[in-house]
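One structure coming up, written as structure tokens, with questions to follow.
A, B, C and D are the chain letters, set down in written order, and residue numbers restart from 1 in every chain.
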Amino acid sequence: MKGITDAFATERLRAAHPRYLSFLTEELLPIEGQLLSMPFHEAAQMLEEKRVKARALGLWAPYLPESEGCLGLGMTEFAQVSELMAMTPFGHYVFNCQAPDIGNIELLHRHADARQQALFLAPLMEGRIRSCFGMTEPGHAGSNPVVMSTRAEIEGDEWVIDGTKWFTTGADGAAFVVVMAVTDPDAARHERASLVIVPTDTPGYRRVRNIPVMGESGEGHVSHSEIRFEGCRVPAGNLLGPRGAGFRLAQERLGPGRIHHCMRWVGISERAFDIMCRRAVSRDMGDGQRLSDKQSLQHAIAESRASIDAARYMVLHAADALDRRGAGAARHEISAIKFFVADVMLKVLDRAIQACGAMGLTDETPLSWWYRHERGARIYDGPDEVHKSSLARSILRGYAGNQSPDSKP
Amino acid sequence: MKGITDAFATERLRAAHPRYLSFLTEELLPIEGQLLSMPFHEAAQMLEEKRVKARALGLWAPYLPESEGCLGLGMTEFAQVSELMAMTPFGHYVFNCQAPDIGNIELLHRHADARQQALFLAPLMEGRIRSCFGMTEPGHAGSNPVVMSTRAEIEGDEWVIDGTKWFTTGADGAAFVVVMAVTDPDAARHERASLVIVPTDTPGYRRVRNIPVMGESGEGHVSHSEIRFEGCRVPAGNLLGPRGAGFRLAQERLGPGRIHHCMRWVGISERAFDIMCRRAVSRDMGDGQRLSDKQSLQHAIAESRASIDAARYMVLHAADALDRRGAGAARHEISAIKFFVADVMLKVLDRAIQACGAMGLTDETPLSWWYRHERGARIYDGPDEVHKSSLARSILRGYAGNQSPDSKP
Amino acid sequence: MKGITDAFATERLRAAHPRYLSFLTEELLPIEGQLLSMPFHEAAQMLEEKRVKARALGLWAPYLPESEGCLGLGMTEFAQVSELMAMTPFGHYVFNCQAPDIGNIELLHRHADARQQALFLAPLMEGRIRSCFGMTEPGHAGSNPVVMSTRAEIEGDEWVIDGTKWFTTGADGAAFVVVMAVTDPDAARHERASLVIVPTDTPGYRRVRNIPVMGESGEGHVSHSEIRFEGCRVPAGNLLGPRGAGFRLAQERLGPGRIHHCMRWVGISERAFDIMCRRAVSRDMGDGQRLSDKQSLQHAIAESRASIDAARYMVLHAADALDRRGAGAARHEISAIKFFVADVMLKVLDRAIQACGAMGLTDETPLSWWYRHERGARIYDGPDEVHKSSLARSILRGYAGNQSPDSKP
Amino acid sequence: MKGITDAFATERLRAAHPRYLSFLTEELLPIEGQLLSMPFHEAAQMLEEKRVKARALGLWAPYLPESEGCLGLGMTEFAQVSELMAMTPFGHYVFNCQAPDIGNIELLHRHADARQQALFLAPLMEGRIRSCFGMTEPGHAGSNPVVMSTRAEIEGDEWVIDGTKWFTTGADGAAFVVVMAVTDPDAARHERASLVIVPTDTPGYRRVRNIPVMGESGEGHVSHSEIRFEGCRVPAGNLLGPRGAGFRLAQERLGPGRIHHCMRWVGISERAFDIMCRRAVSRDMGDGQRLSDKQSLQHAIAESRASIDAARYMVLHAADALDRRGAGAARHEISAIKFFVADVMLKVLDRAIQACGAMGLTDETPLSWWYRHERGARIYDGPDEVHKSSLARSILRGYAGNQSPDSKP
């Protein structure tokens, strides 16, 4: 793995970075193969031991403030640590940095009231429970979250929720879901929905199934469910943040969330790159050459190296913009990284698989796991096509009415 | 699906084509989802009924001669029928056209003696048994089959075989394996190996495991195994073809085999294209447009249409060259299709998945099945990199000593 | 150059093909460098001698019928000859097959009356004059030819024409222009325009300038002009075809025209491929290897070989469809080739330039000439983007109302 | 144009950046069209006035130290100013930052003795003369500069030089050439050559021709020449740096030179992007939409935006590494930018041309100028293929002997 990026190095990061690297290399890489070959509930048991250790070493949830006993890393710092965690599929999980929990933790941290913090945030931060976030619905383009069928209506001091969500990651085994539901259908377009916290043992809530994805239904943290709310009642106090703010809060969750995703993708790319290089120097081609002597593999390595570096810089500068000026001002940078970095990762994964030959298709490396589990990178949270159009329209608004001599005819 | 290509239409094909199309559409598409969600041994039971029906209708093994009660299609004819079969993952299986059995049938048809034909070919042609072909070995580049560790030595009237093969497709449940082994280590490089038929109930033969590929070990016809020969003895009469001809026969098997693969890939591409188009016209984007109104999807469709047609023409002209002039003279055409068509298929699959959004990742369409099962297209039977270099070197040999004014400096 | 494609071989073609190949190789290649380094009016003098020779040999305008003393080649036959002519920039010119004259010849052949044939077609077929076709206008998207400002009004027995056209290829030195002008502004959208023949010595007609393209204004046949009509009067009898049929005739001209363009592009690609291969075998890399030993160049060659073959097949099958079923039924095939073949050509040119290094940028090969003169292939006659959308929409119309189980959600 | 990159902002840069932007926008953009349409000797006269003005404003040669009355910008600072200068083809020239003079100035600054500084460096820094650098030779791969035919032998107190160089940029009109010649043929491979300064009025020196590139021989600063040395004698004191250090000094010149090139390419990309956006908002498609409403153009804009940003970050971090740790330690970063940024620029130029349609091919924008003049970016100073292999080999050396469990089989 590459080290810290000079321009974004801090003392705190210089101290933390090697500690994460050691932990991952020594504690997790050796059991990676085992973890990937067992169902999640078994893996979770093995991982629990590592989580205890990580916490004991002060490596737990480094994005949380020092007041919580954590490292309180800023976005550019955390991004560089997150890249390391991504070297193995359960890396983030061990440090309680896994999506969607990390997003929910940040959300609750900012917007939960004292009761909600005690009930939901505290156990989540401690890693005693898992959670999920219910947004996407069947039959509606996920890229257009203002169109939504799930309803929450206030009856007395309860919200009554009806609707179906799907591709709800990690619902299997989650203790609660933060669900986005229309509460004010007659309000302005972006002010119709609110967020409501629903414990999963609430009557009327049901996890219908884990959706079979790439041949696997998965389980636990590694699954995507269809969930249903049928006259599901929760206390009025389970409203998270202001009424009508659902869309805004979801967006607010997205900016840092996208940086988290992207930095994870950079880390995955680095590991794939590493596997490709190891393969190159160790594979005898039977013609007196190693694979590393083949120019096509050399070019795959050089192009991967350059594009991974580019991806990392893109994410770090987006994180820097967010740290300096906030998510609103950094929106161009944040839009661009989603499709740029996903493309880099998928290409590097593909090259690494090709370099490994038939072995690259097997489960002997994590490549084939990522190949299946990360193809969604160009789809979830809005497909590339939507992000690209949205970025372009935003840029072009700055040109409105602008006709230079260059564009005469 | 596209129809017959004018320039390669024959009366026989015009008669057969719609019959295959009907069968596939009416008998197999409706059960496709079920078949893909069950283990192979269950699917095999459902498929058996369809195989009986296909045979009764005279659609069985159309590449076999009319003297066998089959259609006796030539290569360009069969290619166009094979494209149809590829519309659903078990299409070829139902008509006894599945690899590796089809390759073994052709091989035995040409080179087996009477006893071998009775024992192995007859039940294979009837679909009563399955078979496999053991070539690739762990630790040797699959792209260089002349380097091989498996040995067969004659002792009395028996071959004694020792060695390990892997990625042996369909070994699980196969009645016999055709194994390539070094019989004459001191012969010229390409004359060291021979083919030997080994029934899988022979002592000393062992299927070690089905190799976990893309998260699945698979079973039966849909699996790739590691198999081992330890002092495994078969009658001397199990030698297939002349001693020392192993490499030549394997190559002979490859030419038509590659055309079979490629035509299957064209058919997969057509089905993916069809799924993409259906999705486009049915998906409401929530902004007053259908997905089909989006220019990026339109371009994905247009580029896919053009490249699938190109792929089909490439394969048909290669088949035509092979029909006219034999595999040797058609070697440039046959080399080119492997990497060209695999690339087209994988790109079309990727676009179709993207067009389907999250659903494209699920098991609701066969897209995700192919995404996993066909990534190997650029690897097995020699990776792209090897085929490209080999084609180029062959072309450049024609230029040796050739220095035009164009290349002066 | 590749030879004749088996599936599209005819006796006539087998006879003609080697004769064209000889002529081009022996008469034109040796003077190519000279021709490309001189202004067109000088080149035209050198070429005149070759034209006389070509005509004497019966190689003149092979698309014209035998009744005209020509070869009367069908579309698939001519396509294969046209590919040969494309090996050198003035190849088509020598055989009177150059655009836009070839298109005008076909147009006049079908639609000109006796007087028009005598005045305009005869000398054009004999190569005594050149012509041009005025369609594109400044300020209107060329991809949308129904929007047009040029007007022609009948006054007495004369058409009075006013308007400006640009990118009119070959206007410099042309004896007449076929201009598309709105004659019936109140008619249905596609029936507003007509074609009128305007001799370039008509008062009121003016060639304003040759537009500087890629640093060259060019001259004669190798130029693109802005031309203006100001109260320009021609006899009523100069109307070509029926009044209001301008758009339809232009479209009719386009189908075969597109096949001509595309086959030319295939020929350019073949020559670029040839230059690349010659360079590969002759270039000493100074490290004990030739350029041909480098895997990246091998892959460039293999990918180019495959994609040029694909392009040729695409064009030949489109020509075949047009020969068999007419331009209307072949419209999908004809749409696809424009963007597919242009892409292949531009990529092959780029690879060949890269293979030649700095020399590839110079004028020592025709590569840099094509690099500049053929970048327009993706723009003129409608940009790629328009053709792709148009093909997709046409395909998707066949799916309207079509919702398979695949596209459920 | 994008502004300053936060992480690489300095006070000095914040002060200088807007001043360059104003100068370029107000003084140079308005005359760009004129400059590009005239031969260089005419353009040089117009530009001289701007150079005087730039110098008066203290904007001259900002890479030179404050002791010279210049801004003394570091590499990351200068890179960001250089990006601005690149918005128009003669931007660098106006500030005396044009290659190859800037490279020679840096070289002489470090290695010239007092006499050489007075004779050659002083007038060069003042912009009173131009210079060139003679390295590439016909018949030798430019990517392998240790193979070289030009010889310099000491005779008495003179160097006698014999040999031919070509693609010597700016030789036409240069006052002197720094020529690389073999002085010690028997020394170790990288210590055979030395640098010698040759005034162009020295007998025995001859500029043979300006090489026709992309249809233009060019002249003056905008040309690439073949030059010849025939018994050409210069004083022994014209040796630049130590004898045998030619290769090392040329390499030393390359690191910063590559960053200069790359940052210029980023600037060109930004301008092309700007032209594309202006075109998008101003072009009426005739169907009720602007070009900016078309999704394919939106995607071209988004992908260009992301990749230009990535390119800029790559260059700035390479510059930062060079500033912090020197060219040796930064060699991976410097290797990667050459092919990465050239690729971005050429793709953005191509998209911008496509967006502009036929106008993009004309000389109305600088796009077609760059399209021709910058295709060499992937060739000169070593082709992409060489840089990629070189970077990969360097990375793989770090893996030698490294066999992880990942690469077992």
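We adopt the following convention: a residue touches a chain if its C-beta (ideal position, glycine included) is under 8 Å from a C-beta of that chain, and two chains touch if they have at least 3 such contacts.
Since we're looking at a predicted model, the values are computed, not measured.
For the interfaces C-D and B-D, the C-beta contact count is higher for C-D.
Subunit D has its Cα centroid 51 Å from the Cα centroid of subunit B.
With centres taken as mean Cα positions, subunit D sits 41 Å from subunit A. Subunit C and subunit D have Cα centroids separated by 38 Å.
In subunit B, the positions touching at least two other chains are 283, 294-297, 299, 385, 409.
Taken as a contact graph, with one node per protein chain and an edge wherever two chains touch, the assembly is complete, since every chain touches every other chain. Taken in their complex, subunit D has these residues touching subunit B: 138-139, 294-296, 299, 409.
Across the complex, subunit B meets subunit C through its residues 5-8, 33, 274-275, 277-283, 292, 295, 297-299, 301-303, 305-307, 309-311, 313-314, 317, 320-321, 324, 332-333, 335-337, 339-340, 356, 359, 364-365, 385, 387-389, 391-393, 395-396, 399-409. Those residues of subunit D lying in contact with subunit C across their complex are 37, 136, 140-144, 147, 166-167, 211-216, 283-287, 294, 296-297, 353-354, 357-358, 360-363, 368-369, 371-372, 375-376, 378-380, 383-385, 388-389.
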